[in-house]
Amino acid sequence: MTKEQRLKKRHNAEKRFRFYGLASIFFALLFVLILVHNIFSKGSSAFMKTAINVEVFYDKDLLELELGASEEEILEADFFDITIESLLKVYPAKNMDEEDALIELFTTDAEIEIKKAFLNNKNLIGKKINLEITASDDIDQLHKGNYPRDLPEDRRRISNFQLEIYDVLVENKTITKNFNNYFFKNGDSRDPEIAGIGGALVGSFYSILICLLLAFPVAVLASIYLEEFAPKNKITDFIEININNLAAVPSIVYGLLALQILLATIQLPRSTPLVAGITLALMTLPRIIIPCRASLKAVPPSIREGALAVGASKFQSVFHHVVPLALPGTLSGTIIGLAQALGETAPLILIGMVAFVVDIPSTPIDPSSSLPVQVYLWSESAERGFVEKTSATIMMLLSFLIVMNFLAVYLRQKFEKRWN
Amino acid sequence: MNKLTSIFIGFLLVIGFTTSSYSRDQIKIVGSSTVYPYATVVAEKFGKSGKFKTPVIESTGTGGGMKLFCAGVGANHPDITNASRAIKPKEKTLCEKNGVSEIIEIVVGNDGISFAHAVSAPDADFTKEQLWRALAAKVDVDGKLVENPYKKWSDIDASLPNKKIEILVAPPTSGTRDAWNSLVMVKGCTKTAKSLFGDKAKKECAKIREDGYAVEAGENDTLIVQKLTSNPDAFGFFGYSYLVANKDKVKASSVEGVQPSLEGIQDYSYPIARPLFFYVKKAHIGVIPGIQEFLKEFTSKKAMSNRGYLAKIGLVPLASEEYQITRTAALDLNTISIK
Amino acid sequence: MNNVKIKSKNLNVYYGEKQALFNVNLDLNEKEVTALIGPSGCGKSTFIRCINRMNDVIDICKVSGNIEIDGVEINDKNLDVVSLRERVGMVFQKPNPFPKSIYDNISYGPKIHGKGETKSELDEIVENSLKKAALWEEVKDRLDEPGTGLSGGQQQRLCIARAISVNPEVILMDEPCSALDPIATAKIEELIDELKKPTL
């Protein structure tokens, strides 16, 4: 082989390698795009909700309320009659069945919405007001174009009569799409139109907070001790190997552990962010210790020697010089560990977080769900409205993860100091 | 440093304190994923209407629910467990051993399993035996047990379509699969096969073929519906409520000439129907607030009757006589014998 | 003739199985610059690292024999190594300023030893140390800037200033000019000569 041929061969090898690299990046991006597209196209509509404009008349006699009624009196009052009256005014219904069909166009929470509007403005008694009442799940899906209307009537959940009303509403422009505040504010519900991730958000927040409070100090202290102070011998080697092994243990094992120890032995309450937080902290600990130790290791020994040489004690050299330098790496390791914990579902299934929780938890020992669990729960629900809710929750979860990962990168770059 | 340690210790103390004084003012329900959708709807209505917090419902499966339910009495144990079958003698023994001696049984309603395919496919009708022959691991041919030889529906019976057999089955952990096994696989199993299987007939009849004609789908019924829509040749089975919710996408084939319907499941004339239950721990009534009121709401006509809200989401209501028994049990807190 | 400051008797140093120093007996005098010369790997660094017990940091390193400073045995287990290093400063082969400001680099030593209680005292120590290290004129307007931003020669003088700041009796320098250009080297050699003069 001549020199030219050999050179050409070497260049070709490099070209091939570049091509393979590009191709694999292309494939990876393609799959990410397909995934993101799939989630976004299904989920983006969940951020809007369909509402129907209804004229509500707060009839004094039907409500049995006087002007200046107290808050308790209003809460006790029966808004059922005026709700039905107002909803029926939307379209002329001829008989009971048609009236039922008409009322079914609205959310089951219509009465509560009308009550709330009144609570916000107690002077409405005896007056008329136009309210945007949330439409039922079926109408919502129809209005968003997710429900086929060309099927024969007996295969549809929406009757011909309801379609007729819907068309009139669209023509009169009384049906509108608004921002879906329920999605962020409400807890879980069996009615997709009023179901939200509020409870799951709070639950996830508490879980991650407890996880952070437990895992961060323990992990940081453990890694500083192991890296800087502990003698290097068989015991510390053994501990190190075990930490690495623990980081690779499937998360469901931690769920089993929590089930046995936290729930069965210590008898902590099931389905609560407290237990979730402790479980996730156990799972996250080794995953924080490893990057922590790596960033401590990355601090050059000359810094330690410099400090020792001016007469700093070991403790001072570690805490004044080494830890501040390792902090950015430690923080970003922690955040990435927490991001993993945020998306974790498997251990939560075992400690009873896969539960239908309507009330938004106020403390970490109230039953609660969490974001990934909410995804799991909704993906199993039969109602079609939950399909978009599932994807929208995934979108929220993904955006939290992206924010956390960016934060980790930002912290690392912002506070990273250069050393020789 | 000292600050950090004291914060940490304080935090642990708070955890210890709050949990030691832990008591519950919220009903806890565990159990079957089949009953879950109905129980959640009742719980939500119950929470909105009254002075009580919304019950928390965990979907653990019937068996898992029983285990938790029977683990003991006290705030850390659930008050109610849902079940897609009646409590087993073994579970009763476990309950009794752990001091759960008084249990109230409530029959919620009936559930039918529909054998369905895409709307675009032609209507079909199967007998239980045909379904068993299509799904079983071993079948009898000419008086001998052989590995399932059928590749097309027409291989089983000339009247069936000349199409490849393709069935999505629920995983063995699901209550739906349990019910399918006992109502279809065991009942559809031929006498010849049963006698050939001998002692293990029940288990052997329910064994599902693993040669690719029956595909195991996940627990997720929504996913099965999606797969059926995209493949008109495939069949799958799932709870009646999924059929109701997705009737624009899938339709049921008749079994023994009967289409699944409310009335058919109610009087069991549709052959794949079963009752659903929940069980209440009597010792918790009066301790955990709202259990009695929850029972009242669940068994009210508003919820359970033919025009009730549970019927709307696919629960098949009880016939009126059975309804009376359930309602009385709920109001008078009649316990069942666990001996 | 000056008094003997450091006395090494039968000093042996081992790195694991390997012995690096064999029976070193050496007296070093006060107010003198003593230079150790030898081929690379002959144990110069190992020897001077014994004098402030920097070898403690290396796990596998074992020291036997005696080193006395002012007649006090420093290999004694009961001797506080922190106060020893306050008395015996060290400058390393590669400049290793802390990734902090120039001011903080110098003031760190005095601060942890409780010298310079007030800001003005500290300012004075910083200024004096930098002046002695012949760096003051170059950096007096940018004391807040990171020490790592200086040139190699400046960084090494900063490290010398850092060592001077705690007013040590002995300064050990481990090839301080090996990474520097001839001009910077000349400056530091000049500086070393200055430092041997008794302070007023």
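Per-chain residue numbering starts at 1, and chain names A, B and C are given in the order in which the chains are listed.
Going forward, a contact is a pair of C-beta atoms (placed from the backbone, for glycine too) under 8 Å apart; a residue touches a chain by one contact, two chains touch by 3 or more.
Small disclaimer: the values here were computed from a predicted structure and weren't measured.
Engineer: Does the chain-touch network form a line, ring, star, complete graph or other?
Structural biologist: Its topology is that of a line.
Engineer: Using mean Cα positions, find the chain sitting nearest the overall protein centre.
Structural biologist: Chain A is the most central one.
Engineer: Counting in whole Å, what is the centre-to-centre distance of chain A and chain C, each centre being its mean C-alpha position?
Structural biologist: The computed centroid separation for chain A versus chain C comes out at 56 Å.
Engineer: Can you check how far apart chain B and chain C are, centre to centre, with Cα atoms defining each centre and the answer in Å?
Structural biologist: Between these chains, centre-to-centre, one finds 79 Å.
Engineer: Provide the C-alpha centroid distance between chain A and chain B, rounded to the nearest whole angstrom.
Structural biologist: 28
Engineer: Can you tell me which residues of chain B touch two or more of the remaining chains?
Structural biologist: Answer for chain B, listing residues that touch two or more other chains: there are none.
Engineer: Okay, in this complex, where on chain A does chain B touch?
Structural biologist: Residue list for chain A touching chain B: 109, 112, 147-148, 151, 154-157, 189-191, 213-214, 217, 263, 266-271, 274, 352, 354-359, 363, 365-367, 377, 379-384, 387.
Engineer: Once bound in the complex, which stretches of chain A touch chain C?
Structural biologist: Chain A residues touching chain C: 231-232, 300-313, 316, 320-321, 325, 417-420.
Engineer: Show which residues of chain C lie in contact with chain A when the two form their complex.
Structural biologist: For chain C paired with chain A, touching residues are 52, 54, 57, 59, 82-83, 85-86, 89-92, 94-99, 108-109, 112-113, 146, 148, 155, 159, 162-163, 165-166.
Engineer: Mind pulling up the chain B residues that touch chain A in the complex?
Structural biologist: Per the touch definition, chain B meets chain A at residues 4, 8, 11, 15, 18-19, 22, 24, 26, 28, 30, 33, 36-37, 39-41, 43-44, 47-48, 53-54, 56-60, 75-76, 119, 219-222, 241-242, 244-248, 251, 313-314.
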